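Before anything else, here is the set of structures, which you'll find just below.
Two complexes follow with chain A in common, the first pairing it with chain B and the second with chain C.
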Partner chain A sequence: MEKGRELLIFERSSPGRTGVRPPTADVPEVDLDKVLPKGAVRGDIEGFPEVSELDCVRHFTRLSNENFGVDTGFYPLGSCTMKYNPKVCEDASRLSGFSRLHPYEPEGLCQGALELMHELEGYLAEISGMDAVTLQPAAGAQGELGGMLMIAAYFRDKGEARRKVLIPDTAHGTNPASCRLAGFDVVEVRSSRDGILTPEAIERLMDDGCAALMLTNPNTLGLFEDNIEKIASIVHSKGGFVYCDGANLNALMGVARLGDMGVDLVQFNLHKTFSTPHGGGGPGSGPLGVKKALEPYLPVPRIRKNGDEYSLEFDRERSIGRLKAFYGNFSVMVRAYAYIRLMGAEGLKRVGEMAVLNANYLKERLKGHFHLPHDRTCMHECVFTDRLQRRYGVTTLDIAKRLMDYGFHPPTIYFPLVVDGALMIEPTETESLQTLDEFIEAMKRIAKEAEEDPHLLKNAPHTTGTARVDETRAAREPVLRWTGSPPTNPDHCT
Partner chain B sequence: MEKRGFTCIPHTDEEIARMCGVVGIASVDELLNVLPGELRLTRPLRLPEALSEQEVGSLLRDMSRRNTSTDDCSCFLGAGAYNHYIPSAVDHIISRSEFYTAYTPYQPEISQGTLQSIFEYQTFICQLTGMEVSNASLYDGASAVAEAVLMAGRITGKNHVLLSSTLHPEYRETALTYLEGGGVSSRVLPYCPEKGTTMIQAVEECKDDIACLVVQHPNFFGSLEEIEALSRAVHDKGGLLVVAVAEPLSLGILKPPGELGCDIVVGEGQSFGSPLSFGGPYLGFMATRERYLRQMPGRIVGQTVDRNGKRAFCLTLATREQHIRRARATSNICTNQGLSALACTVYLVLLGRKGLMELSRLNIAKAAYLRKRLLDVKEISAAFTSPCFNEFVIEVDGDPEGFLEELLEHGIVGGLSLGRFYPELDRHILVTATEMNTKEEIDRYGEVAEGLFARSIEETRR
Partner chain C sequence: MEFPKDLKYTKEHEWVREEGSVVVVGITDYAQDSLGDVVYVELPQEGGSVTKDEPFGVVESVKAVSDLYSPVTGNVVEVNDAIIDSPEVINDDPYGDAWMIKVELSNAEELNDLLSAEEYQKYIEEEK
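After this line comes the complex of A and B, so read on.
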């Protein structure tokens, strides 16, 4: 029998099976009709699966074989910092004193957790040059929202109506979305031909109706915003704040501090810079650091240290309130804390340096084979395009798909939007020279294949369990859950 | 002494030199000259020295021991975070690094594992809630409520919302934070002091043009809300009904909100396979009617085919999202709770139809027993008359904080004192029982409580 696609778990159901048995009741059973109101009890849950533990384990093990992670191979997804996640950090997060701690236990019973959080706040403040940090945001985008809400609250307090935020055209999509959600209008700033912001562009747009400039440094082209100090002073002179999206902080650790460049707020993506796993799309964690002027607006609760005792402070008059329930994605913080202790000051600096070296090495060795729109020293990532391959009818998408046949995860594609057909490559510091060389070899061969046999690329991938997926059909005829109808082509299912 | 390397950075000095040669620089430092000199950090970061893996392991173990886990006490806390048993297979599966070291499945051909499990997750959420479409997850129950409120605003074009006072106070606070930017006003509806449920009359009497009403079911007090009546009331006003479910295990036994006239169901999925972890990461879920699909925030996975006609899955309907729509997106959410959604899926697969119903019944039975045992104590009474699932509010004759502190001396975390959230409930405690609380433990809670009150009476006499 041909190896086909793993069935949906609902299609494996066999009535009467179970994968886990709840304990036998040691208290009297209740008569539901007596304890619940009439009509409150639900009927059968139609389609709910019934499988054994082995059915379940095999199902998900097979599914995992259809997945690609950092542990599988090189994953140079630009702006996502897919670095290796040390295993000891995983183990630490699973210690029962952390994982089985209820958030409403009295403070006296949570001193270890509060201490860890308090210290982590301090480390992040030191790394970024900020005055205060909150760990509450669940992900980078929530950190951005929190920061923008704080800026809004600040100006509301001052009685200033500032409705605009300046955002460069190279920004992540979350930036304008977060600003909008915080009630601001977004004004796009065009980057120069060199791919960075110029003081002139900011000077032209910055006025006393602007609350902030929200930039990313290094930016999504992998370039350091050289003019940052000058730009920050223009923004400050007009009374605005500089928010930095910290998604690309990996390049700067120990090398330079955003707070020293005039940045007033920055969010940290612990799942990028601090090596906590990406989980197939989260959970992440997006702590937010701010300068003194904004500290009163940080979300509640704050962690306080009195002598050797830690406590939570809830009453803060000017706080923006809460961004989520409880205190943030705690087990992600544990991993990041363990990572920082593992690396120490010297190690984190080395992270930044080697991330930059790896990206520049890739850039040097690939240019000539692929079009490099900004040929200058990059930071943690570099951006190529498909311009040289397009004459053979081959696009960025084809190149990305063909990379899978060589055992690599493709880079980020078609982003940043300002580069047509972008291939955004972020190797991270955890990759060895040998891995980089293998990737470069694959890219060079793909460039050759594009020339000699474009169909090979157009039809890629050829070696994966699933061939190229029809994404248009998914959007045109949305099927978003299993409803019991048979699979589209049962011959292909085992 | 020879310089010590870092396990997570493979570069040898010789390799660094070779790489620098290719780049055309003499040293890495030269590479960093791209940063203006005055911006370079000239001192080492003030952070502790690097530790070995072994040392990090024991450091963290020591810190974890300065906490009291639910293993080391009798815990009767709930209030949005529930102490449930997690079957071993859950952690084994989510520990497969093919799952946890992947990112958002942008490349479907090598992400079918993540994509199919999210598709199964979406199916589960629809089955449990009685809804038609679900997204791939949101951060947590609180932010899911906030997203639902904003979504209701987009659907109805109205900008006033009603939040029940029996909605988890931290969900309410979160919703208010999110509403700050959108020019949406809100009002908190009172609860009926006898029943501990939302005053339906307050909805009926509302004069404003409302986008939605948000109620929690079972509510923060553990009481079951009268969803159908609330649904009629809010629909009469032209608004939507948003039901928040903080304890989704209740859906194993209670009629799903989708069958009770609800328009958007959101909630907290922590009960399904996520550890307590001091409050996170948890799992926000959201489901709605098909007609509101385009207004739903977050990632969505859809079924399609690959080039060979074989069933396949991919992220879809991305035109709602920030990476395409930018400032006009339905939300700013990008990274969500992928691994927590996987844990939820595995958990539900293991329990299955029968297991889920059995476990729900067991929770009701445990809470009923705890309730009876505590109400046997003369100084403890029930605060509300409404039926409940696995938690309820008691009123103690005395200071609840002092009562809880004394319980702590006996290794019992007796519940959550409500005065912090509801000043008028200054003698009230929210207590919860799950399958993790044994009969013996519950009996001991009752006995110790009796003893405490007896002692305090004696002391007063003296």
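After this line comes the complex of A and C, so read on.
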């Protein structure tokens, strides 16, 4: 075994080795081919790993040690809100009354769960200034899709053929994708030199063929859309809706309400803002809040409260139907509920304030060392570029890789697309001044290294088990499953 | 970075070469450099049509996915299928082997809207 490379579980395999030996069957064996239709019986899997329990435990423990999470270190991944999630929220979600609940539990036996969901809908409506909320979407992008499907249904009912949705050039990639999936054409709106939308740009593009404007506030440059009220009134005057991607809600929470700014729909990324760990593939949760006009179109089932009793309502004529099996990702809802109750109104307000303060602190301290394309007060994140370092042949990617040697997760890079060589840093509210200062020091040293020893950056990281992976080859020649033999050239991943 | 004088350019970073009644279209050196390693490209079918300023394909790099915008309107008479299997050619030889489509022009006057090498170079300097 080469030093540093953890063997694949397949490579550890030895024929006949096993972790668990089931007892000899005490019932007669049945030939599956005789009782099941052809095609329903799986054949052997070539190369299926055969390892002992200990091999298996060690393999996955070692892999987990190579992982980096917010519990390991600072994780300033912009637009992802990788903040710390209080462990008490994890604890709450593991209470057996929640974690062992079966989705087919009769309503009478899961009143507590329904009450929690109903109250959470109310909290989210209050935080965002919306009239009604569904908890069903499985993640942010499904919330977006649900919202756009509701808008499509609304205009179908009114007999209006509105085909277009306006989306700013700073948008998350999911926004245009959600619109296309819902059958709309996307029209890109260019941001101004200041990095925000202008009423003039919206005025020029908004017409009665436009169903909605889909924006993110604060946007992905970490800037508050100052003209939001004016922009919303232009969209409304032409009969359209304003959808806000709530991915960056952390910055506003408890301070300002999107509904009060003219937003008609917003999804909440509970896995970002409301205390669910993410980055490992989920599950997420993307509840969707809407204003009154769209309430009839919300997905079913809706949770109803009659006196002290909660029930599920399925019979809603204008609903877009179901978005997800059962009721959404319930355990994430429990964490969000626990978090909101834990923080209280004052605490949630402090979240937004501290997230914005921390980002501005980083921005001011790093300004001058790194190029800051939009030099104005930011919200929860700030965007630098590699322009000052490029003269030494050092790029954003090199800076990001070198940060790993200092024990930090790199920020988001090369996004938003409107900024060439972007480094997008979101510190979140949960980091101490000490951690922020350590990060600032590391960034300053990297800026100096770029000048004095660019090769140090070009070859970074030096301290991780794996240095640079060949992303290009991985994308051009993806190997997506075990092919029966180890990689022919493991060096490409050194 | 090179910008051959005999080509015409767009602000969306495509180039156009006139070859009799058809034009050849690709993306510029600046475009491939900004994108980084190209890993995937999607082109229209031969026999299809393209419209000026409308997307005709997609190019994906390790950094981003971008639309390809057609500099002209017309029928696609030939497609460079070779770059679909080896998209790295776009990085290696953007003006040569990495041509993308050949278009039979519907309106030759559209060529007047395109930028010269000098104008394009000036434009990207300003954009930086």
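Heads up, the rule we're going with is that the second predicted complex is superposed on the first by the 453 of 494 C-alpha atoms of A that agree within 3 Å, B and C clash if a C-alpha of one lies under 4 Å from a C-alpha of the other, contacts with A are read in each partner's own complex, and residues count from 1 in each chain.
Simple rule for what comes next: contacts are C-beta pairs under 8 Å (C-beta built on N, C-alpha and C of every residue); 3 or more make two chains touch, one makes a residue touch a chain.
Computed from a prediction, not measured in an experiment: that's the story for all the values here.
**Q** Between chain B (first) and chain C (second), which does A:Cys179 come into contact with in this model arrangement: first, second, both, or neither?
**A** Once the two structures are laid over each other on A, A:Cys179 reaches chain B alone.
**Q** Look at the residues of chain A and decide whether chain B or chain C touches more of them.
**A** In the superposed model, B touches more residues of chain A.
**Q** Please work out whether A:Glu471 is in contact with chain B alone, chain C alone, both, or neither, and reply first, second, both or neither.
**A** A:Glu471 contacts both chain B and chain C.
**Q** If we overlay the two complexes on their shared chain A, which of chain B and chain C does A:Asp420 touch? Say first, second, both or neither.
**A** Once the two structures are laid over each other on A, A:Asp420 reaches chain C alone.
**Q** Quick check on the output: what are the common chain A residues between the chain B footprint and the chain C footprint?
**A** Correct list for chain A: 173, 415, 471, 475.
**Q** Provide the residue numbers of chain A that touch chain C in the complex, in ascending order.
**A** 173, 414-415, 417, 420, 471-472, 475-476
**Q** For chain C, which residues are in contact with chain A within the complex?
**A** So the residues of chain C touching chain A come out as 34, 37, 39-40, 60, 62-65, 87-88, 128.
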